[in-house]
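In the two assemblies presented below, chain A is common to both, partnered first by chain B and then by chain C.
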Partner chain A sequence: MGGIHIKNRWLPYVMIAPTVILICVFKIYPIIASVIQAFLSKDGIPTFDNYKFLFADKTFWNSLKVTLKFNIIIIPVQIVISFIMALLVNAKVKGIEGFRTALYLPFCVSLTVSTVIWQMLLNINNGVMNSFLSLFGVRPIGFLIDKKWALLSIILISSWRGCAYWMMFFLAGLKGIDRSVYESAKMDGSGFFSTLFRITIPLLKNTSLFVLVANTTANFLLFAPVQIATEGGPQGSTDLLMYEAYKAAFVYSNRQRQACIVTILLVIVIGVCVIQNKFMTEKEA
Partner chain B sequence: MKYRKMVAFGLTAAMVAGMTITGSAEEKETVTLKWVSQGVGETGWEGITVPILEKFEEQTGIHVEAEFYAFNDLFEVIETKCASGNADFDVMSVDVTYVSKYGSSGYLEPLDGYFTDEEKAKWDDASYTAGVWDGTMYAAPENTSCQELFYNKTLLDKAGITLPENGPDNRLTYEQVADLAKQAQEALDPDGSQGIIGLDFQQVSRIYQMNMLANSMGGANISEDGYSLDGVVNTEPWIKAMTWYQGLVNDGIASRGYDADQLGDLFYSGKMVFMVGGTWTPSNMTCEDEVGCTYAPCFEGYEDQVATSTGSWYFGINAQSENKDVAAEFIKFFTLGEGSDMWLEINGDVPSRLDKQNEIAENPDANDTMKIAAYEAANTAYPRAVTPVFGEYSSVLDQAWEDVRNGADVEETLNYAVEQFDAAVAANK
Partner chain C sequence: MSKKQKKAIGTILLYLVLILFVFVALFPILFCLSASLRTQEDLFQNMLPFTLRALIPTKLTFENYVIIFTQYEFWRPIMNTLIVTGLTIFFGCLINSIAGFAFTCFDFKGKKILYALVLVSFMVPFESIAIPLYDVASKLKMVDTYAGMIVPAIADGLVAFLFIQFFKDIPVALIEAARVDGASWPRIFARIIMPISVPVFVTAGLMIFMNQWNSYMWPLLVARSKEIRTIQIAISAFSGERAIKWTYIYAGSLVSAIIPICLFLPFQKYFVEGITAGSVKG
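Here is the complex of A and B:
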């Protein structure tokens, strides 16, 4: 009963070649090209000037600060909410499939469309959110035009859709835990929280690690809601690095600046993911 | 054998020649120009330019395939296509502010070889000059533009407000208009539930229109070398103009939260009393309300410094195009020929052509909007910033206007704009 025996030793390589080629052309090559471009002048001469100009730019430092602040808030928020959502839809209740579908539905709406919808809902003049709040005597809030609220609104817009996506991974992880473990715990008198923290969360470690790394990457590279809803404003309060990179490339035509920002983002994302990976692995050991 | 070879050679030569001849004939017959522009939809340029393109095809046999994008998207499309040396389009609509940038970046083909001096003299000097960068003509003006004060007569009548007598030498002041707007709001919408806006700017938070406030107090747009805002925008005229505008928003007379794509529609649908806007405003009205127009206001104490925004769209040839001659033919048709006549008629823009400007001035039946426009274009039009780093300029100052609108400290915002712009253009100096 051995597995499938492949006579031609090259066949597996041939099978994965299209994927590898596509990844190299559309993922690896642009990354390498960007890293190299960051060290070249407009005339193609090697230089550190691009970084010198970037580091002397207050807008960049503000953008970096906003990006870190945004991620420090959104990553734990999305992970906790999506985990709670997964726990809820993992319950054995009649018609749970309907709830699962309802909670997953936001992810089926494109980020662009959902941003436009939220933009209308959060509008200061005629948005539903402000109309609702006015019932309680709350004055209109500039969710997307007030610097106190704008970043939180972007987090809300991204999380509304994002949590649905990450929920599915946690749900798959929860489904993978053997029921007998829960039954044993129950027989030993373990309560809900005890089971949650001593059984469920430890057994979801691999899933959590994946979600953490993938979520970090996705949020550091978030762009659409900012471009559509706030354009980095008000007063630079939502000016994420990806938006700065976009502006550098497509508004300022400054490919060098864009390459520097993208390279810095790449380093940050790799750094954060390595730390997360190390932290999660050490915890297990 | 020798004979067979000769026959084969002859036949091959004939086939190649035949294909070449056929190919050339077909190429001439089926040449298609590709034009990238802005204004999506039936009521936008996409819809209204159809008869003009059909007329051009009828006259020349050249089909123009036009691709329209939203206003802001066009700049990205051009940037992306041109930066990568894309030759898949021939003609582009160029916003006047981007002529210097595209010209200096090598995106546009110089037009001096395609337009004679006689043809160039057919445009007013300001329009022609705005298409020139560093002594080279890169773009031809489609039309120019001008700002006027439009008001909803129906709403003013309902509010029982009559406009004071005014004219080019006795303009309404911005302060007066703001007072009238406030009175109208109080009469028409005392609790604010109708969402009536008192006074606003059609292209809110866009430097094209907002800078005229600072210009009307004597402020300049950019340093002479086109690379600095220091000592230009962090100055009294800008601070006073922005502070006045912020007060207008804080008092609830001007709006907050609507963008430039929405604000015009609010006037067109009868939700705004006064609007500083372009000459196309009356033709865009969607409600039955009667619209009036008058000269652009001035600030109290600055009556001799009236400034109105100007400049509009231009045509340029993609430097990588393989159909440059035909592209130039199309541009001439649209800027000087029958296409231009049709365009001015359809869109109601202010002409860049001197003959058309004279026609308006001399025509006693010309409507007020166009007469005022002709006067403002000749007397108060204030040129936009000329800089090869217009993307940075526009991005920084658009945001500054929007931030001030949303309550940011004026001086802080302007100082930050100076820093942002300096840092953004440092690599270009």
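Here is the complex of A and C:
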């Protein structure tokens, strides 16, 4: 760390105390408590029963399947689209600032409000989406109430806002690339796609890794759209694990089950992130 | 085809794709605006068959806004959110900047471990700790209070990190000179550090604002009662009511989105810098 490095016996501790104490109480302790609770019975005796019960439960396996399916689709979709958006608004053409601001805007609309708005846009009876599709003779689709469509609709809702957010990171990364790199590529007669794959993408490795990890974490722990729009239904088709954990704690008052699910989610997230990290760094070698 | 023509076609294609993306990004917001300015009957009757009338009001009305503010007391969740957000920004900027200053300027035992602790905390996603955090809040008697929404959000590793990044570049001579003059540390911080750090305070404040204004899961757990609930909870509860008119929901949604949008537009540079600091520099 840079800076001045002054020595003082007690002052620095006083200065960092509020932040460190609050972080310990409200961030570090809860996560440890949750992992421990997963291995304790209701009376506080160490046990593996919580996991045994959970693994014997069909709802849990369905929820795990839905969560994996959801993430396998949403993570690449969001990353590819937000990357394309960043490339587009990084172009040097007239009026690009206006386009950039417009593409940022969905991020300002909270996920809650986005869900509430899209819920009405996608409604089967009075939704504008079905009204528009009727122009082409499409029968009304129950985007959020049909088992075939609900998960895709949740993906659409989350990505509408999410892509604007992730675009900011790719754009910051693109801006960090020295323009002279592009100039020399152009001189060598490198076309758009070969510049993209040989220069831009490799140079964005750190940004991409960050977005990949942060995006994975965010999507595995997604909660609001499901809680507001579908409540896990229809027929469990959008029952993401985070929502299942919420229900365990606040609907069934089963803290052990909730602690198990959150711990499993964390293990999955850390596992996926470690694999992504390894994969991305190996490619370089 | 000449090179010039090729370039012109490329530019036109670029604009077309941009317009397509902008359409998708803005359509829900614009439709929300339009729907909030018409009556429910006007909205529903013109929905089928699909014409321009499905999108644009035949007659403008502000009735929806009047009703959500009077009958549904929408000012209450807005005030609540402003109180929660304002206090979090104040305390968050204060303690994270002081901690950031200590981490940059002082050497002390255990600094590395404590710094790592702060950094790790911003990688722990809030959702994963929300439910165990509820137990902590409940033990501290913070359930259904403003404090329950404010206190856990004050210490923020990313915000502290932002301050550290900024303070690193402050010239040493500036502080040394003040020390020679016999200025106390609180005085140095308030009179010298804070005035030159306005940009990072703006960035940090905006980040905290966006987080608190948009936060949903935590207030949903910790502040359920009608008197103190925040805007996001009010909107979601609103949309869950059966008898409610859609045009009211559209109006409420727009109200809750307009404040962050108004803050974002003039300050977008600061905000993007703040949010991406951890990914680019880190």
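Everything that follows uses one rule, which is that the second predicted complex is superposed on the first by the 263 of 285 C-alpha atoms of A that agree within 3 Å, B and C clash if a C-alpha of one lies under 4 Å from a C-alpha of the other, contacts with A are read in each partner's own complex, and residues count from 1 in each chain.
In this section, contacts are C-beta pairs under 8 Å (C-beta built on N, C-alpha and C of every residue); 3 or more make two chains touch, one makes a residue touch a chain.
For clarity, every value in this text was computed on a predicted model and none was experimentally measured.
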| item | value |
| --- | --- |
| Touch count on chain A, higher of chain B and chain C | C |
| Partner chain in contact with A:F250 - chain B first, chain C second, else both or neither | both |
| Which superposed partner A:N126 touches (first chain B, second chain C, both, neither) | both |
| Touched partner set for A:V267, first chain B, second chain C, both or neither | neither |
| Chain B versus chain C as contact partner of A:I23, first or second or both or neither | second |
| Touching partner for A:K58 - first (chain B), second (chain C), both, neither | first |
| Set intersection of chain A contacts, chain C complex versus chain B complex | 126, 250, 255 |
| Chain A to chain C touching residues, read off their complex | 1-8, 11-13, 15-16, 18-31, 33-34, 37, 85, 88-89, 91, 93, 99, 101-121, 126, 128, 131-132, 134-135, 160, 164, 168-169, 171-173, 176, 206-207, 210-211, 214, 217-218, 221-224, 227-228, 242, 245-246, 249-250, 255, 258-259, 262, 265-266, 269 |
| Chain B - residues contacting chain A, complex | 75-76, 79-80, 83, 101, 105, 195, 255-258, 389, 391-392, 395, 399, 402-403, 406-408, 413, 416, 419-420, 423-424, 426-428 |
| Chain A-facing residues of chain C, complex | 11, 14-15, 17-18, 21-22, 24-26, 28-29, 31-32, 35, 43-44, 47-50, 54-55, 95-96, 98-99, 101-108, 111, 114-115, 117-118, 120-121, 124-125, 127-129, 131-136, 151-152, 154-155, 157, 160, 164, 167-169, 172, 175-176, 185, 210, 213-214, 216-217, 220-221, 232, 235-236, 238-240, 246, 249-250, 253, 256-257, 260-261, 264-265, 268, 272-273, 275-276, 278-280, 282 |
| Chain B-touching residues of chain A, taken from the complex the two chains share | 49-50, 53, 56-60, 123-126, 142, 144-147, 231-235, 247, 250-257 |
